[in-house]
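In what follows, chain A forms one complex with chain B and a second complex with chain C.
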Partner chain A sequence: MKAKHDKLFYLSLLPFASVIFVIFALLTFVLVSESWPAVQRWGLSLFTENVWKPSEVSVEQARYGLLAPMYGTLLTSVLAAAIALPLSISTVYFIEELAPRRVRDFFSSVIDLMAGLPTIIYGLWGLEVLVPFLRDSLMYPLRHSLPFLPLFSCDPTAGTSLLAAGVLLSIMIIPYMHGVIKEAYSSIPYTYKEAALSLGTTRYEYFKIMLGLIRPAVLAALLLGLGRAASETVAVALVVGNAFNVSPCLFAPGYTISSLIANQFSEASFYPLMENVMFAGSLVLLVIGVLFSGLGVVMMRRVRELYGR
Partner chain B sequence: MDARYLKERAFLIITVALAVIAVFPVFHVLFTILVRGGQTLLKAGPSFLLDVPPPPGKGLGGIAPSLAGTLMLAFYSSIAGIPLSFFAAILAVEFPRSLIAKGVRVLSKALLEIPSVVVGMLVYAIMVVPMGQFSILAGAVALAIMMIPYVTTYVEEALESVPFTYREAGFSVGMLRSQVVFKVVVGIAKRGILTGMLIGIAKVLGETAPLLFTLGRDRYSVPTNVFEYGDSISLLIFDYVQTPYANMHEVAWGAALVLTLMFLALFTLVKRYAGEVRL
Partner chain C sequence: MKEFALEVKDLNVWIRDKHIIKGVSVQIPRAKILAVMGPSGSGKSTMLRAINRLIELIPDARVEGRVEVYGRDVYAEDPYKIRRIMGTVFQTPNPFPHMSIYENVAIGPKINRLVKSKRELDELVRWALEKAMLWDEVKDRLHDPPHRLSGGQQQRLCLARALALKPKLLLLDEPTGNVDPVNAVKIEEALKGLVKELGLTIVLVTHTPQQAVRISDYIAFLYMGKLVEFGLTDRIALNPSHELTVKFLRGEV
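And then the complex of A and B:
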């Protein structure tokens, strides 16, 4: 009787759980079937060329290539993760080793707040405050002092640029990277810490040893941060400048896959196959995300095994 | 002084400076929102919450339809997303060896990695296109999907944190499994479960990307049912800050203050319920 009841209980929960499977099935089906016509029409060049020639009249005249947004996604996420990594390592060390209890609690709350704050708020602040600031006190000075570097080889006209997107994203992914590194750092056994200290290390030497112990976690944080940054949409759409550019110059406006979708998907139904091109873009986005976070999760599992957690 | 100690000094200064730089922006964000949003709210008065948005270039009006939309979306997405995640989490914890349970665990976390804009495109394809129009319902479905990973994960953790002896006690007095779950385990894990639900709501309250192609952006009339076009505060900010009109930027900042206050209220509630939060 008990076993029968258990079975019934299981079956009554099943519909709820299956919805999650249905969502994934639908997602896979929709993305693949909607992308297919575009991939079929333009083949690999959809991902290797930088063209955006919509046509309302016929598919024959239209040409699309997603290289610029793919480049923008990669560049801005790498930039963001590169900026955020040293900052997140510092916040972890500060919280774990330096701050007194009270400061530490406050600091942790602030980082939780950073993680939860709606992205549109970051976007608004990014466009109205961060972009003008970066343009006047970072981009123009760099442009004038080091004009020969290809990175700084163009004028930051409006300020909305790949650099601005990278900086804003770095602020947004700090809490995630912080979380990953902190989990690993606090799992280092006390005996290891004591052993290091008993050798008479300075704080700097101690820090280097500790960081060495959680190296996979740092890598995991980097990968998960990259994944996060690649998938962020509205904040980036506001500050990246929205132009099809594949230029090495960081001050040039650009596109990311998600900001392209945010900006143009609403009008895409007027142009034959344009929606399908965007679905192909989202498929690329998903693959990038799965790749980064998949690797990140694998790394994280290694960290957890390291000290038996 | 010896070089080792100079290095240590430099290291400490740099680390503290970087840690401060890392959190400084969020203070600046909050401060700016408070000042610029506060100006708008003071200028517009209470009608900011009751009026419709202004025409380009003139006056401030209000954000009533968008505010109503945000509240409706939070409500309907919770109605769909919370029970679903709750029961799915119970299945995952109570029948851990079944294939479905393993799938729920993996997939509910994988949902976290799907870009929110892609969720919007999915709902556009499966709801907006077949129904022939945008709607609050479509927006709420998109948000419910966004909510699932958070709520499921937190409820799972809360249920698992209940010591096994409590379950044994329940079984020993002849309770059935469902009774043990709902009368014993859920009661003990109440706090964690509630936290998870609040986090889910806080998470979707300010979402923008899933709503871009599902909601329809009707910001001049308060929606009366879920099949109508709707708007959200986040969408209003996104659109207005991209217009060239000064008064619309002011509205955007005012709206941002309203949204931030709503989020902070939920955030403090969560913080009071549970010490450590991962959003």
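And then the complex of A and C:
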């Protein structure tokens, strides 16, 4: 920042950069202030009870509790991350270590492409193809062979369910998790690969050492994946079934916070305080998002520090 | 018939269309040190990687010829099995940064199932660190990360990591290239001790003729991928038969 015009350039760009912070601060303020009336009315039970009794007449007769959508958000994103993490790790290994160069380039491009697709496409495909497929070839067989497990304790009537949402979400977050892990994996210095192989490692043992080297990146991928899964809206709204359920059964229809807002916000203005309840829900999403992305970023920084980049 | 510890027969290596190693043959008996010397770019490191098959990590590398280690045909076996009788130390110290000092030494024996109990493993780790002349300096901080050590200490840690495999053949790629003189002397002493006490066979790649003459029993002089001269160190140091060798020993190439 020595030359004068450098300083001017810096000053002229400063407002644009600061706009982002201002927007973020305003957004947080709006979420908090809009949630406040609902939180004031129902207190903590807004987040711990599963009730949805709207009333057009008066606030006195209405009751809301966001437990079901919060539970659905948690369940579907954990399910999605649990499916997506091993798949992302194995695609990274396949692409980086086993595939010939041309196959590798092809796979990488396809996965990058998948990350950029409009999510409504996943939603439609999920509803028309994935849900019936899961219902007939996964849910019913599990329901019949292991009916005593609480996880499989209900009939998958329509197929739209927490499980379907979890599986669809896993497909949607694989490209992100894959991207984070792959970037770290391909930056592992060559000399560590040689060192690991020189110890007489089999492919599996070798890969375990390599994964150990990028452990923070795997954690980061997990956190960012969870964050994305929790915030995904349209696709989930199509396949989750949209019902206020806090059931251990994976085949039951459910709600997530974002699918609830997408489904009901347009009519919420007819019911006193319902909009505010939804803002409270989105505040929960904001907290989850900031927490997971923040931790994910910290992890990514640790990856870079590891090799002194 | 006498069995050699290392026998390289008519070795050729290409990377893409570049001919890196051109028909090299050497053989050394057990419990000897072979120094592979030559200017940079002469193919020394490539030759080492052809012996332990790390060359296969490089896409488009092609190897022809025969390599035998203690009578075993290196290219006829699973690479991971054959690598278990060799230990390798690289030019830049490369202990695994996510493992402690202890774990860095223990990883090899764990993978190769050399030990049955934690106590045995502790003993083996201690043994390897002692042989690498590092034990006294790290015995009180075995669970520290390796980056707390100096470069020379890290390199000795890498030597201990290789030794913990109980290899018969030790391969070293300019192990003192990035290390201060004091540590370089320590490493050289450790190597001599290994040959004397354990009967280990060593292949050491170096670009300094002084080091080669100082510690080796045999010298192979590589130049532009060709083996210019191979023989007993005493003979080559006193009476080199090739003009290029004379020049290299004088530091003129």
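FYI, the second predicted complex is superposed on the first by the 288 of 309 C-alpha atoms of A that agree within 3 Å, B and C clash if a C-alpha of one lies under 4 Å from a C-alpha of the other, contacts with A are read in each partner's own complex, and residues count from 1 in each chain.
Simple rule for what comes next: a contact is a pair of C-beta atoms (placed from the backbone, for glycine too) under 8 Å apart; a residue touches a chain by one contact, two chains touch by 3 or more.
The model shown is predicted, which means the values in this text are computed figures rather than measured ones.
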| item | value |
| --- | --- |
| Partner chain in contact with A:Thr191 - chain B first, chain C second, else both or neither | second |
| Contacts of A:Leu199 with chain B and chain C, given as first, second, both or neither | second |
| First (chain B), second (chain C), both or neither touched by A:Val246 | neither |
| Which of chain B and chain C A:Arg101 touches, first, second, both or neither | second |
| Chain A residues touched - chain C or chain B, whichever exceeds | B |
| Contacts of A:Ile120 with chain B and chain C, given as first, second, both or neither | first |
| Contacts of A:Phe279 with chain B and chain C, given as first, second, both or neither | first |
| Common interface residues of chain A - those touching chain B in one complex and chain C in the other | 202, 205 |
| Chain B-facing residues of chain A, complex | 2, 5-6, 9-10, 13-14, 16-21, 23-24, 26-27, 30-31, 34, 86-88, 90-91, 93-95, 98, 107-125, 127-130, 171, 174-175, 178-179, 202-205, 207, 227, 230-234, 237-238, 258, 261-262, 265-266, 278-279, 282, 285-286, 289-290, 293 |
| In the complex with chain A, residue positions of chain B that touch it | 4-5, 7-8, 11-12, 14-16, 18-19, 21-23, 25-29, 32-33, 83-84, 86-88, 90-92, 94-95, 98, 100-101, 103-104, 107-108, 110-111, 113-118, 121-122, 124-126, 145, 148, 152, 176-178, 181, 202-203, 205-209, 212-213, 234, 237-238, 241-242, 249, 252-253, 256, 259-260, 263, 267, 271, 276-279 |
| Complex contact set, residues of chain C against chain A | 52, 54, 57, 59, 79-81, 83-84, 86-88, 90, 92, 94, 96-99, 107-108, 111-112, 158, 161-162, 165 |
| Chain A residues touching chain C - in the complex, by the definition given at the top | 101, 189-202, 205, 209, 212-213, 215, 306-307 |
